[in-house]
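Same chain, two partners: subunit A is paired with subunit B first, then with subunit C.
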Partner chain A sequence: MRFWTYSVNEYLFLIAAVFSGLLAVAIFCFLLFFGLPLLQSGQLADLLFSSWAPDKGLYGIYPMLIISLTLATLSMLISFPVSLGCSFVITSLAPVRLRRILLAIIRVMTGIPTVVYSFAALFLLVPIMRNLVGHGSGMSILTAAPVLALVIAPTMILFFVDSLNKVSSSFTLAVDALGGSEIQKLLYVILPLAWPGIVNGVLLGFGRAMGDTMVSLMLAGNSTAVPESMTESARTLTAHIALVMAFDFDSMEFKSIFVCGLFLYILTAALMLLFRMSTVYFSERT
Partner chain B sequence: MRKIFYSVSISIITAVLLLFSASWSLASDDLSSFTGQNGTLRIAGGTAHIPVMKEAAKQIINFNPKIQISIAGGGSGLGIKQAGEGLVDIGNTGRKPSDEEIRKYNLKLFKWAVDGVGAVVHPKNNAQSLSSTQLQDIYSGKISNWNEVGGVDREINLYTRDEASGTRNVFWKKALAKGDISARANVVVSNGAMKTAVAGDPFAIGFVSVGNMDSSVAPVTLDGVTPNLVSVRSGEYKVARGLYSLTKGEPSGFAKLFLEFIISPTGQKIVADKGFIPVQ
Partner chain C sequence: MMEKLFEKSVVVLSWIAGLLLISSLLLLIAYLVYKGGSSLRLSLIFGDTAPIDALMLKRQVFDGLLPAIAGTLLLIIGSMLIAIPVGVAAGIYMAEYCRGTMKALLNLAFDILAGVPSIIVGLAGLLLTIFLNRKFQGQISTCLLISCFSLASLVLPYIIRTTQTALEAVDPIVRKTAPVLGASRLQNITMVLLPNSVSDIISGVILATGRCAEDTAVIMLTGAVATAGIPRSVFDQYEALPFYIYYISSQYTGPDELAQGFGAAIILLILCTGLLVSTLWIQRRLSTILLYR
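Up next is the complex of A and B:
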């Protein structure tokens, strides 16, 4: 009968937790409710595999789906090694004073809105990319990826630092006693023990990368064609939603956004679930 | 979802909350109706309208600092929708709303300027004169290199607007004759963003409202007619449309005063100063 012995505070927290949990479910139901008519009318295949050309009656989101995944993966590939390296430096490799300064900078970085990064990149990175690539407008997947990597890095670094710091000092002291170097300590003791936290950081980072709108909207070019290379203009699901939002509520364009939202939701949720399940699976085996 | 909303609201609501200190200079008669008023007015929608809206808001707030006016972009589609849903007091649109939209939302339209829409390129681009056919072929992707139309040997970077844009609507109808716009075109979200993009890209072609053109971009002469104030006013340049503000039902309160101000001689002078053609 633990339930009856809850204090008022505990009830308040319980309500808050249940409420936010239900909110996530409610959003899914909301998207499903508005997206369902489109899915039922047998247009699912059309929506999933055709391109976006409202003038011709095509409301497909295939290019955007592919781009969202590509961009998130690419930025993760850039961001993960950098973030891991940063967290190593912050937790053990740098002098103590420098660690504090670095950590403070990273904390500030988490609060910078992505529109600021995008705006700076629009004037700094886009012209460089245009000259480097030699064709196109300079707005491409390859331009957006490093900026997105920068956006998700602070979150990941903070998560990594937390989990690296949590490793019990009895282990690290043992390494010191055995005469191990800092690097040996990191690679052979801390990292194997801290990896569930690292996985969580990666998950959160990937979620952010999938969900970010501003970076791809301002830097990826928003073309609706399926790009043939990384240096071409492309549109993500989130940018697509932002671009199509202005349509009239009754228009087919507007209705198709709900399907976009639905797929964004399902895609992110499925990836998270997959990742979590594999984490549980592997941690049980080790 | 909350994060998406957050980002989107930053992108579309380039809201300018104008709060200026009092300065009672130039209290013209057209502004006198704002005497003693206080409150807020929300305006959103078409991005071609923004220069005029900002100047009008500045004069009104300078006259009476108790009034707050917020001006947001978002495009014509958003202007119609938000005004219709009652989310803003005045919605701006660069295309006439459809009869259905007018009926459904009970919209009242106010046309306060005529505006051309012209293709623009980077000022250093040599290909500043095109025929309609060339322009249509460029936008459909048939012509993909500047050397085919008298420029350098570089790929053409296409820029267009989102499908809800009023500027895109008139350009597509009247300059492109409802022809295809290549799916490979870059999409930007406002007249301002279009100007920035083209000004920064030597191999770009895009289109902006004539009132929004400045020296950072070069207008493209279409079939021998350069889009500017004179050619749009004379009707020689054909790619033009009205600029509208709309309200849900008959305008009242601030919205009414604001619209009356835009139509007044002072307001129409702002319209002309900003490069549009007044209607009065």
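Up next is the complex of A and C:
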């Protein structure tokens, strides 16, 4: 930290870094600044736990909060086993040449736009769901969950593959020497050693699932009521924010958006913190 | 015996998982091509206007995708003009200068920024606009510049991280050679460390470009609209491919518009996956090209 010996260029580096760091703070401050009047009025509990009924003066975000958590959990339940299976195939089950191809495909999949997934699903999956359920528009939590699972799977797979591959070869060679098969090596040696990485991948995937907007906005139906079943239309926090333009800028509806924003920000920041802490914790132990 | 069964079933289930993922990808692509393949003609982009006139900006394109494509390209260029210099500079600072508490704090800030959902970044951009609007008596509304700035803050942490890790991964022997020969710290960075890690940095930048191209949540709050034409200045509203796809999905009036939506989806898909494929290629080739030119 010898600031006084820096040249002009080095000051520019410093300014760029501090500026970027402050962006994270600035976003939080903006949300807080606009949401503060609402928070100060002591209605926080009301906001968090009442339902959304603007005509009755209720601006609670409870339904969206629950839906966001449900949708993220449900898509994780679908995505986690599939991703783990894929990472098994890529790290040890497939022939070496196929592994490379599969890994390249998964890499490219991370770049497929979410809006393209949702657009295709809207005309492919929604009619199927409509017929299966028999009533409603076909847009529901159950429609959005598998698409969201597909969106977050590549990230999780890459993370899993990375942590499975990191296991030291002194362990894996020992298994080979003992005559263990590939799957035995994977299940009894690599997986127990790599599980911190698996946990981190899940945290990362959950964060992405909570933060995704387009899938739930286009496929979940956006009804503000608390749905009674998985097959009913519902609205997530992110979709609720995305629909902000429909509101007047001075209305209560608009102000309640910031509480959604603050909640999402704090949640994803906490997930990130947990992710970093567990990375540090596990890397110190091994 | 039980263990044998368990192992076998894990193998079978893993292969099923792999097949499931690959087949859903193939299904997606096949469905898009089946629905939108027929609309992939020059008129999809230029509408009824002659391509030359449209490209020379002589005439506006009304029923083609040109304004949306131009909007997306301008978004990419604008946000990268902001994000690359700031991100690379910050990455250099993080890797070469930053130590101790400062490093921990900045690391935490970048982690949080990377985790913030894009819709929140968009909301912050909208709030900034409202703030500026009140300050300057309604002269600033949502526009291309605000979107570029928001998208840049969305991808900054990626660029910083890739620059930082690329610089930190430079071989210690290479790192120490130039200073021993009398090079200053800055000379060492610009002449040795950066050229050595350029392929990693470029692929990080391309990944960030892909995120700019695909992101819908940010731009829908900060100035993308359904019809605007090609923007004349950075203070104009604009059209963009992802927003167009979203708009068509809820507002289409007939099969023609729908086919156009599928065409737009195919173009966006090709753009984004093309960017990713190029990173895979760069990581393999660029280091060789730079070493043996």
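Here is the rule we go by: the second predicted complex is superposed on the first by the 241 of 286 C-alpha atoms of A that agree within 3 Å, B and C clash if a C-alpha of one lies under 4 Å from a C-alpha of the other, contacts with A are read in each partner's own complex, and residues count from 1 in each chain.
Please note the rule applied: contacts are C-beta pairs under 8 Å (C-beta built on N, C-alpha and C of every residue); 3 or more make two chains touch, one makes a residue touch a chain.
This is a predicted model, so every value here is computed, not measured.
Chemist: Subunit A residues in contact: does subunit B have more, or subunit C?
Modeler: After superposing on chain A, more of subunit A is contacted by C.
Chemist: One more residue to check, A:V280. First (subunit B), second (subunit C), both or neither?
Modeler: A:V280 sits against neither subunit B nor subunit C.
Chemist: According to the stated criteria, A:L187 is in contact with first (subunit B), second (subunit C), both, or neither; which is it?
Modeler: Touch status of A:L187: second partner only.
Chemist: Under the stated touch criterion, which partner chain does A:S223 make contact with: subunit B (first), subunit C (second), both, or neither?
Modeler: The answer is first: A:S223 touches subunit B but not subunit C.
Chemist: Going by the contact rule set out at the top, does A:D248 touch subunit B (first), subunit C (second), both, or neither?
Modeler: Touch status of A:D248: first partner only.
Chemist: Classify the contacts of A:F88 with the two partner chains as first (subunit B alone), second (subunit C alone), both, or neither.
Modeler: After superposing on A, A:F88 lies in contact with subunit C but is clear of subunit B.
Chemist: Check whether A:T114 is in contact with subunit B, with subunit C, with both or with neither, and answer first, second, both or neither.
Modeler: In the superposition, A:T114 touches subunit B and subunit C alike.
Chemist: Now for A:S20: first (subunit B), second (subunit C), both, or neither, which partner does it touch?
Modeler: Once the two structures are laid over each other on A, A:S20 reaches subunit C alone.
Chemist: One more residue to check, A:A174. First (subunit B), second (subunit C), both or neither?
Modeler: The answer is neither, since A:A174 touches no partner chain.
Chemist: Check the residue A:E232 against both partner chains and state whether it touches subunit B (first), subunit C (second), both, or neither.
Modeler: It touches subunit B, and subunit C stays clear.
Chemist: Kindly list the residues of subunit A that each of subunit B and subunit C touches, one partner per complex.
Modeler: Shared contact residues on subunit A: 27, 113-115, 122-123, 211-214, 217, 238, 241-242, 244-245, 249, 261.
Chemist: In their shared complex, at which residues does subunit C touch subunit A?
Modeler: Contact set of subunit C toward subunit A: 6-7, 10-11, 13-18, 20-22, 24-25, 27-28, 31-32, 35, 85-87, 89-90, 92-94, 96-100, 102, 105-124, 126-128, 130-131, 153, 156-157, 160, 185-186, 207, 210, 213-214, 216-217, 220-221, 242, 245-246, 248-250, 258, 261-262, 265, 268-269, 272-273, 275-277, 280.
Chemist: If we count contacts the way the header does, which residues on subunit A are in touch with subunit C in the complex?
Modeler: Counting only subunit A, the residues touching subunit C are 1, 6-7, 9-10, 12-27, 30-31, 33-34, 81-86, 88-90, 93-94, 102, 104-120, 122-124, 150, 153, 157, 181, 183-184, 187, 207, 210-214, 217-218, 238, 241-242, 244-245, 249, 257-258, 261, 264-265, 268-269, 271-273, 275-276.
Chemist: Under the stated contact criterion, what part of subunit B meets subunit A in this complex?
Modeler: Residue list for subunit B touching subunit A: 1, 3-4, 7-8, 10-12, 74-78, 80-81, 101, 154-155, 157, 159, 162-165, 178, 180-189, 196-197, 200-201, 203-204.
Chemist: Within their complex, state which residues of subunit A touch subunit B.
Modeler: Touch list, subunit A to subunit B: 27, 51-55, 113-115, 122-123, 126-127, 130, 135-139, 211-214, 217, 221-225, 232-233, 235, 238, 241-249, 253, 261.
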